[in-house]
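Both complexes shown next keep chain A, but they swap its partner, so chain B is in the first and chain C is in the second.
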Partner chain A sequence: MEYTRRSVLSALGLGAFAAATGCSAAPSGDGQAAADGPAEGEITLLTPIYEGSTGKQLLEGKLLPAFKQKNPNVTVKVDYTTYAALNEKLTTGLAGGLMPDVVMLGVGWIPPFAHKKVLAALPDDLGQRFDYEDRVLEPCRYDGKLYALPLILDTRIVTYRKDMFAEAGIKQPPKDWTELRAMARELTRADGSGKLTRVGFDPFSIDLRQCWETFLFANDGTLFDESGQQVKFNDDRGVEALQLFLDVIKDKSGDYSFKSAAGQPSTLAQGRSAMMMANNSLWVQLQEQTPELLKEDKVGAFMLANRVPAMFQGGTLVSRSATTKHAAAAQALVEFLGTPDTILPTAAQRGAVPGVQDLQTSDYVENNGFVKLALGNMDKARSEGGTPAWMEIREKIKTTLETAVVGQRTAKEAIDELANQSKEAISRL
Partner chain B sequence: MAVVDGVRRVRAGRIALYLTLGAISVVMIVPFVWMLLTSVKTPADIAAFPVRILPTKWAFGNYADALQAAPFATYARNSFVIAASHTVLNVVIASMAGYALARLRFRGSQLIFLGFVGALMIPTYTKILPEFLIVRFMPLFGGNDITGQGGTGWLDTWWALIIPGAVSPFSVFLFRQFYLDLPVELEEAARLDGLGELGIYARIMTPLVKPAFITVALLTFEGSWNNFLWPLLVTKSDSLRVIQVGLSVFRTENDTQWAFLMAGTTLATVPMVVLFLIGQRYFVQGFATAGIK
Partner chain C sequence: MTGTMVPERVREVVAGPATNQPRRLLRSRRRAGLLMVAPALLHALIWIGIPLVAAVVLSFTSYDVLTPPRFAGLDNFRELVHDDVFRRAVLNTSVYTFFTVPVAMTIALLIALMLNSKLTGRAIFRTAIFIPQVTATIAVALVWLWIYDPRSGLANAILSFLGLDGPNWLSSTSWAMPAVIMVGIWQGIGLKMLIYLAALQSLPGELYEAASVDGASKVRQFFSLTVPLLKPATFFVFVTSVIGAFQSFDQVYILTDGGPANSTTMMTYEIYKSAFREFRMGYACAQSLVLFALLLMLTLVNRRITGGDRGSR
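So, the complex of A and B:
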């Protein structure tokens, strides 16, 4: 078993959760602070998405003053963190009985935290204020209740070089994996010595967990059953999704060593890949680093498809603590953060997808090709998570799948191992 | 003839040694040079492929832009206060503990020393949660009552940033090894001359283990200066955040502003490089003497 900083903290966190929920830090049963009464008091907001300089300016210079105007008796103290340290912040805060009043969580994080009764259920009508796709609200729910509102979303799509497609005489994006692999082989280039200079398909430059999940969803697979108690990804659809990565490495239309880290210039922009799995925020990076590619319309995007078209949906959700002493104030902030007026500038500063369909016609969406594609297809978005054991399982997916990608195991062996780890984690709930 | 052969062999050995050391130096310095060059590149230069070593346009403005992105003066001041406090406290307390364990005979000293050695084996991340709970439930601080309930303890205060990292078991271990090597005659002579235990520690023994002090001071300062997770966990006020947390503003979930990140990292590295240049002779000596090089 591999011990990582996160796995150790997760394990400790489980004990801490138990202690926190067993003692006075969390409410018993379904009891939670009611959000009736006047919105007043000082509340804390824990956020992993406004941590950059422009984010701080937006939050403290524009959004919170607007909130203050509507709620003059509420003061918001912001605790900035990064996604990399969010779980640690929450785990330690919970253990110490100091859950922030309002928290921003990732997609997939609601079931674990709602299961521990540290989040308050929100009125269900908050999910009907704006035009949400059902798939967008899915990760906000647990056990039939609404626990969060979507703020921004990040999808995983296939981006491609139109100029390379034209050069190879390819007119349409692939309809399934057979076509995808054939095109990848056709678009791959090597120098005289046989060394790859361009891969036809680069699935490795995004997080392997999220990439595999995208392929699983496009293969009509799912991670867990509806109750979150049964592992469902270890059937043929999950194995085929991982096998595809091994196949593109084997026929040299993809190469694991080509992968670029987050924020590094992408292989697509550098001309080192013809198709690349990407986060929709790649559009913003292209605008900064290689704007000529967008001006000359050399970059396009499509949704991955095999048995069904699908895209991975991640993102940030906003929720309130079940133990807050200022429930009305905390809920007012959650409601405020979930409005299009907040969502749009927040999405724009990160190149993310605003989660409400009402914003389809906004300038930001109209002028961002990847975001436009994503928002127009939210009915095909699929979220990760779905089990209260997700925080433990998510840390194991990448490291386990990587063993197959680097040739230590077969795809089936890696998926079976992951399934066993997941079952163990679920059995400990 | 044999002498000439010997000289040639020595010279060839020297050349091989210098070549090896030169190659290692290049490997060590390349990341720093890369950091410096990236810090003055434009986004287009950073994205260029094939990779350009030198920027086509020198963007020195990245430094000014990076400094404007966050209150780095405050972050740097905080990091300095924490690192300097840790250094002073660690050097004073750990050297006293190390001296006591090495030179004083008292019941249980071996057991205590084993306790310190055992503490060395505990992974840092497994200590975070217990330490956090101690800080949060600190009695009579931050609104807490005598049982540690009711407030926030040391959270979001200088206490939380300074006290938990003030003394490290490694430093105690290092000092003990140094004091252990000193001749017992010195100590006995000082005692015969009527010097007390504190005097022997401060005036006789400690001046002889300067390399240990420099080594511990540099390592402590470096560790504190680069600490990221603990300051992030125990603070929420921007006025108490440190430089490593400040640097993280350039790296978000979806994007990394490499030029700004490298410019900020260059500035954050400067104090450590200066400190090392000043103390490098003692630093190397310290490790050599401690037998842990």
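So, the complex of A and C:
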């Protein structure tokens, strides 16, 4: 055989290609390990929650020992991460063939991973074990199958200062965006030099993507069609949602730089905003940082409404890997983590909303005003995602919308650009 | 390798030895040399060579880690040409490099000159200046997050003391990049200073004595002796600093997340986002190749302009 430079280079290239991709443990075909048989073996759990020493103590000191009692032949090794690093952890794990047996994912993450056959479908009757709100199970499904169970939810609601409302003579929270904007203007304060000391409305202390989506949902808009193949947010409803941010900045009842910094009390707690978009976990933060505001009943919350009342629903779902060697053990853990007994302490530890309605009358829910509001209105909750291309699209939303917020583009231009990027991402599926 | 630059001994060996003994000696030295560099070569081949070839190959594919790669021809590169955000990242990285490298090098040289003199407590100063280099960027960035806090941060407190209104450092498209650059300069001084200090300490004292005897002032000595003699060190510091600046990631990741509106996004940050957040390994590899090509080009241009490390011979 004659070796030419081209053949040698081709061989080298192919060898490197094989080296780079051959170690990938990407699942292929529909082959998924069945979960029947005895639950036994050592399994891994990848979790972006249970962070910090209290979270670890709850998981490894209380919950997993209870699981072990029920499943004595299963050992669970926990791999902690954060939501910021979860994607990276999964990517490298998949590439290295180290996909955890049980994985906790965010809302919107199921379609991309189920589409790629990384997750195993769960028995559908698991979705009927407890009192689940339909909206809560929606992001757990893909292609008609159940792939995950809800653990805890994180909703986005509007929180407000009752004392500031009373001072301004405002008796009721706004019913639509026109009222919201009028109230925001009325509640805004500036010092003698015109420098803002309080914004009437702070939508920017939460992630811009989730904030815009909440406004989109309250405007009766949606991200994608049911198939997840068509972009639907680029109509008037999506543009109006973004335009509202630009309008509050323009009339100075809101300011993009006027937002809560990480680890610091919120603008609401500091009295620097009268209304603020917030995660329901703000209640726990207020309890720790400014408990007097709750004791004196100075803080309230309501659902954002315009064409319809709506609430953004994020959260943590638990799912099983399609490639696990201990399918029965992994499924047992998924089922265990999805029970109210596990969900309640997990939600309480983070100030989150329990994923099941069964806990509506629990002391925790009764004593947490924001969680109570959210759990009582889960029928109005809407989730992000809904397309297998979500992991790529979600990364584009904030940066693209931000260009409008800082004045580089109009709302329409930014939404159109985002729609184009989303269509391209979907076309690559 | 001609002319007087080549040592006599080497020329003798290259041209052909008079006897077999030097040839055997040379061969055995070569073998010993190869044996000694073999582990490093093997390491470079496994951890640099193969990934580099793999990145080149993967850049022509559509690969999401979850499913096997599909050949995509030049699609990734075509998309790169029209990718506004990546173009912005290239510009931001260039701006960041343009400001951090010369400024940090100048400050580092000045500090090294200061620490090379008979300064009381110079060991303490040396340590203090080197600390940012060995401190985890995450910790450093968290401190800077506080410094840049528009309400309670140190930066605006100082400006307020001077009667100035501080900006919203990290939320402003105009101020976020200068804020990141300042962190880059501060963090990069330590290592550069150390290299310059080591180079300064190896400079031949007799040259300075001769210059002093000839009546050259300290300034003249600095520009006519120190600067030329430091050329190899400057070349090394410059090349490693440019590469380091082009690979900056942590500051942006912690401080700004590339924002606001992509005003601080860098090439490495975009590569990271494509690969690990969007699962687009093929596209990330294409972006990496652009970064590689830019760095290679910059190093070659710099070598041509400065004459590389010739001054050390």
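Convention: the second predicted complex is superposed on the first by the 400 of 429 C-alpha atoms of A that agree within 3 Å, B and C clash if a C-alpha of one lies under 4 Å from a C-alpha of the other, contacts with A are read in each partner's own complex, and residues count from 1 in each chain.
The criterion applied here is as follows: a residue touches a chain if its C-beta (ideal position, glycine included) is under 8 Å from a C-beta of that chain, and two chains touch if they have at least 3 such contacts.
This structure is a prediction, so every number in the text was calculated from the model and none was measured.
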Touching partner for A:116 - first (chain B), second (chain C), both, neither: second
Touching partner for A:190 - first (chain B), second (chain C), both, neither: neither
First (chain B), second (chain C), both or neither touched by A:408: second
Partner chain in contact with A:66 - chain B first, chain C second, else both or neither: neither
Touched partner set for A:88, first chain B, second chain C, both or neither: both
Partner chain in contact with A:80 - chain B first, chain C second, else both or neither: first
Contact residues of chain A, present in both the chain B and the chain C interface: 12-13, 16, 88, 91-92, 95, 262, 264
Chain C residues within the chain A interface of the complex: 50-51, 53-58, 62-69, 85, 145, 149-150, 152, 168, 171-173, 258-262, 265, 273, 275-280
Chain B - residues contacting chain A, complex: 43-44, 46-49, 68-70, 123, 125-126, 128-129, 132-133, 136-137, 152, 155, 229, 232-233, 236, 238, 248-258
Partner chain B, residues of chain A touching it in the complex: 3, 5, 8-9, 12-13, 16, 44, 48-49, 51-53, 55-56, 77-83, 85, 88-89, 91-92, 95-98, 154, 262-265, 269-272, 279, 281, 284-285, 288-290, 350-352
Residue ranges of chain A touching chain C (in the complex, touch as defined): 12-14, 16-17, 19-21, 24, 26-28, 87-88, 91-92, 94-95, 112-113, 116-118, 256-257, 259, 261-262, 264, 391-392, 395, 398-399, 402-403, 405-406, 408, 425, 428
